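Letters are used for the chains, namely A, B, C, D, E and F, taken in the order the chains are written, and counting of residues starts over at 1 for each.
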Amino acid sequence: MTIRMSEMTWMEFNSKIKEGAVTILPIGACEQHGPHLPLNVDTVLAQGFAERLAERIGGVVAPAINYGYRSKPLSGGGPLFPGTVDLSGETLIRLTFDILEELIKDGVRNILVLSCHFENEAFVCEAVDLVTQKYGDRAKVLIANWWDPIPEEIISKVFDEVPFPGWAFEHAAVTETSLMMAMAPELVHEDRMVDTQGATPCPYHIYPVPKGAVPDTGVLAPARSSSAARGQIIIDSVLIELEKICKKEFK
Amino acid sequence: MTIRMSEMTWMEFNSKIKEGAVTILPIGACEQHGPHLPLNVDTVLAQGFAERLAERIGGVVAPAINYGYRSKPLSGGGPLFPGTVDLSGETLIRLTFDILEELIKDGVRNILVLSCHFENEAFVCEAVDLVTQKYGDRAKVLIANWWDPIPEEIISKVFDEVPFPGWAFEHAAVTETSLMMAMAPELVHEDRMVDTQGATPCPYHIYPVPKGAVPDTGVLAPARSSSAARGQIIIDSVLIELEKICKKEFK
Amino acid sequence: MTIRMSEMTWMEFNSKIKEGAVTILPIGACEQHGPHLPLNVDTVLAQGFAERLAERIGGVVAPAINYGYRSKPLSGGGPLFPGTVDLSGETLIRLTFDILEELIKDGVRNILVLSCHFENEAFVCEAVDLVTQKYGDRAKVLIANWWDPIPEEIISKVFDEVPFPGWAFEHAAVTETSLMMAMAPELVHEDRMVDTQGATPCPYHIYPVPKGAVPDTGVLAPARSSSAARGQIIIDSVLIELEKICKKEFK
Amino acid sequence: MTIRMSEMTWMEFNSKIKEGAVTILPIGACEQHGPHLPLNVDTVLAQGFAERLAERIGGVVAPAINYGYRSKPLSGGGPLFPGTVDLSGETLIRLTFDILEELIKDGVRNILVLSCHFENEAFVCEAVDLVTQKYGDRAKVLIANWWDPIPEEIISKVFDEVPFPGWAFEHAAVTETSLMMAMAPELVHEDRMVDTQGATPCPYHIYPVPKGAVPDTGVLAPARSSSAARGQIIIDSVLIELEKICKKEFK
Amino acid sequence: MTIRMSEMTWMEFNSKIKEGAVTILPIGACEQHGPHLPLNVDTVLAQGFAERLAERIGGVVAPAINYGYRSKPLSGGGPLFPGTVDLSGETLIRLTFDILEELIKDGVRNILVLSCHFENEAFVCEAVDLVTQKYGDRAKVLIANWWDPIPEEIISKVFDEVPFPGWAFEHAAVTETSLMMAMAPELVHEDRMVDTQGATPCPYHIYPVPKGAVPDTGVLAPARSSSAARGQIIIDSVLIELEKICKKEFK
Amino acid sequence: MTIRMSEMTWMEFNSKIKEGAVTILPIGACEQHGPHLPLNVDTVLAQGFAERLAERIGGVVAPAINYGYRSKPLSGGGPLFPGTVDLSGETLIRLTFDILEELIKDGVRNILVLSCHFENEAFVCEAVDLVTQKYGDRAKVLIANWWDPIPEEIISKVFDEVPFPGWAFEHAAVTETSLMMAMAPELVHEDRMVDTQGATPCPYHIYPVPKGAVPDTGVLAPARSSSAARGQIIIDSVLIELEKICKKEFK
């Protein structure tokens, strides 16, 4: 049977949740990722990790949220680039809240929200806080991404050719490009990769966002050295970690 | 080049909107559709019509909204069935508003919102009303579905074996089943189709929604006589009509 | 004793609800209805049906909501006509929610919301959904109008001179004009009735609402053949149906 | 011609506002007023003053808001009495905002909001503040009631038999009862007037509102000595003052 | 030990609330107070009364809310003066609600909200109403200020040189100036006191707020005769009254 | 003259902003900081840095926001500890928005929001984004804290005795304790410092927040080695950096 909730009938979904299956909600974004990656990188990765994880833990993948919170210059986003379509904080809070509330009312007791767009985090947490204030112990909700669980040594393996620039600059750079090469190679334009000189970190935010806050290409660090193999290293490592987390918390 | 915005780079999307391409936003739902159809029927149809239309008019398809407004008994929905995951009115208004606002800020001038879940309509209109109050003539926004543009004679063609029960009962019945057979046959379980005795129309709403408001199977009218061929008749007809509408309004 | 809650003392109201009396909340609108009908047609009809029904079932009529949701071109409204004063969706949801919540807290167990402005429906349902989510079985809330319960044969009786144009065009046309002639003849200007050529139905919405979306007069179909007698036929029929509904649901 | 907007056609309303007519929005409440007065006292007075004023200044009376902000013990209200149906602050703000916004968009330049329920004031002011922040000088909006403009000497005339207890206690007491006797005598039950011993003023608010915060009857001060004649004295005086205010501010 | 919650460790605060200590929440404003008083008058007074009261009743003073609701001309405020920084109604409601909710969740059972900016009152009451709707009897919440509890005879004592102009004009005038002289003399510029001719009371509100609604100096009545001694008379009297209120209500 | 806006008269504030002075808005929190630090650590630091910076750049310090966004286990907070009083996301957004809007309307062109509670960041950015969407270039708004601008070498200087545990664990630990010793030594209880074994980092969030998510004491890393001298090193370094930032951005 499919692990995609969207492709299940309601009866199939019903029997899965009666077994206590973990429901995974992928949240992505519609955001510029330079000249070589498509706008849906964050959604593809959220969906991709969610499905692979569901296979391993007998979980169910809920339909993805395809839009995310405002992309910010400090984390590599590009609010001023055409194609970046951002939700406001309140909208993302309400959207996540409603979906979780309905899942909980349907009887889902174990939920993993897998958000693969950095800026979503605070607002997704707020939604989960509010929904668990309302429903107490009826469900346990975890919020994870793919980068925080990566062990230190995997970083070294992936960055064996170029230095790790820090997560703040990993936007459309080595990790995201490698993951896309492994998960959706047909969407990667290797020939358009640009060798951006790494932007310097900015220890503050400034508004209105100035035009030049992000380099013209939308890329913060070079994607050079990206490969499907490196992407697979990350995937394997993240899945092991996420599976451990689920085993530990959803017993 | 792809017609999916999600799979474009920001530069590709940018050049499309500079040409004045119509951007189509598909809105579906995650809603029970009986024992023979998956939860994502409304999204599959929204996405399916959007992509076929985009091919014909050189349009762009924005990432879909995968969840819709509360499913209601009177229009065949099933708020009490596990797997139906509904957004509140305010959430759908804000979500649609934010996406449209961002598209308009990006320079999109022609937008077609293609909602294929009946209950979305009032809230999507509210969102569009609010966004055009704010942005005036900067963009023209159309809201359409697949059932309103169908010419009378097509209805007769599709319902040549069983009588047309009225749109109110066309939930998981002949039209939706046929469309799914034409667009995503792998998601249709023909062997599980049930021969529901047509529910009688209820001229009022009642809350709290009583358990028996929708038959146990979630189906309001029999899907008998559904076929991919009948689905294709609808698709062809709807695309012609939608293309005419776009030509007329987005000149 | 009066059936109007507004004219009762709190003690009188209290004894009515202790008997389990149905409380009817009329919702109208302030909306253009062509050159021959006043702005309050929807409110007069809501109030008029509510009072007549209350007489029959021993009910109580709460003070009316005199403003309704945005009038839309597709259902004959005229957002661009002076005198049309529309509430936003969120406002109507909150307003209806608050009134129902207070009635329920006061001990009212049976409520009929009688909305006589088509565009109100989705937002009134949302309010009722939210309030019954909060108060569960403490009250049963029905939402009805005057057009959905009309039996087919009554339509034929009323439209014996001119053809029934469909409900979408029945704005300031035969049914509303006849009802006003029966309920509030002093507000009808028969001499100003215009013979509008029936607008053609539009299978989509368009924003910003174009100036010509509704004919200059604000009338979508001719009111010709309207009469108090025809209005009375509708009234009698609707009251029978509404009484049946109340008897069935509020036992 | 009528001075009631609700009874005008849109064309009649349109010609009134083109002349610059002041539009008066009456706001009342649905609130207990003791055993001798109906729940709609505040609405009857708002409507009554609005219509009498409109006659004098060539104004137009918009449909009334029949529900008001939470009735409070300190100002004589009775949130715990059945029949008191209160709006929350946010709802009243949005409701008033929407109506004013639509009037302003329709071209109304002079608006008088006549609120006759004390507790409405802060929220109505907030709505007007917000709407004039948005529309600037396009309209001038005044907010008035019937008690603040009364000259000192009129108070003495009305309270020639019993002492004036202060406005805080004038709930269902001499002024409101007299005004109702003058404006809607059929709604006054003189035989049920109770001789409440004046409650003592409380210099603070306490929540949850304790059961005994308002005397059992809902009356704070005796209505003894009320008469239609005294009501008329107030009416005449208030109309003179309100007319002066309108002349001064809406030139 | 300190009576300031802000300066306690969480363990110290915890032991205080376990004893049932009253928690006092001071709410002020950032609002013009003429040329001789600082912008924080309302906050200084709220904080000053709260701390003095806490000393007497063994209470705890929560961190102050330093901003208040929109300052209004009728109560002496100056929305158009630079330095007046106003919150909207909705913001103040939510802010107060959140703080009270958290205190109640922490186990606080007795709360006194001490607001010393007149315009806050309605919105603070709304917040308290909403929070006690949610938490019922888990906490008792009082709302008080410093002017309502002052006995009549104290007013006479304070206004022995100049006549009492009524509370509406006591903005930056004798009472506030005297209180500041007693509580924070270093913030009073006696040499800059202006002898404003008392403004006349306006029995209505007008929007947009006209430039001249408040005299140029921001002062509504002369501060002449203000003194620390008079301030101390008020302080002593108010503390006695507030202590009585707390003793009576928080037993 | 004072650098505190709260202690200025409106005229003094007015002349400062006419000079183009930077207005600094400090945002803190009311949050447990272990047994040795008070609840207001984040506010004291926000206020302390703001005043010191204002002295150097001729700025003005607006009244502080004394409450912050929900304290989270992952960043060392303690939502379950009595004394932690958290605002919801929406409240903090609206509160910050209103204050900034009013400052901008008053003519302030340069604003630095100095938030010293980690969890505030996303919501403060949202507020600033919204306010600059509304006011465009009328003002430049920076958002900073004290930890991001610290140069690497300063970290080494401060952590010369114990290793730097990473910012995630610096809650009530060496940096905050040292800063409090330098800025408000009277509020530090050195004798109550506990030698918590450093918690391990958790790469995901879990709700409802489990009781043991933060050690019983509320401390995540030992404060051992804290000193006023180390605090001063941080202060000096941060002020230099913040001054540079202000000089660069507010020219």
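Here are some notes:
Rule of thumb we're sticking to: a residue touches a chain if its C-beta (ideal position, glycine included) is under 8 Å from a C-beta of that chain, and two chains touch if they have at least 3 such contacts.
Not measured: the values here are computed from a predicted model.
Per-chain Cα centroids separate chain D from chain E by 29 Å. In whole angstrom, the spacing between the mean C-alpha positions of chain C and chain E is 48. For chain C, the set of residues that touch two or more other chains comprises 88, 90. Judged by the touch criterion defined above, the protein chains form a single closed ring in which each chain touches exactly two others. Passing around the ring starting with chain A, then chain B, and so on, the chain order reads A, B, C, D, E, F.
Every residue of chain D that touches chain E in the complex is listed here, in rising order: 70, 72, 88-90, 93, 119, 121-123, 125-126, 128-132, 136-137, 140-144, 148-149, 203-208, 241, 245, 249. On the chain D side of its complex with chain C, the touching residues are 5-11, 13-14, 17, 30, 32-40, 43, 62-67, 78, 81-88, 90-91, 94-95, 97-99, 102-103, 106-107, 187, 189, 192, 218.
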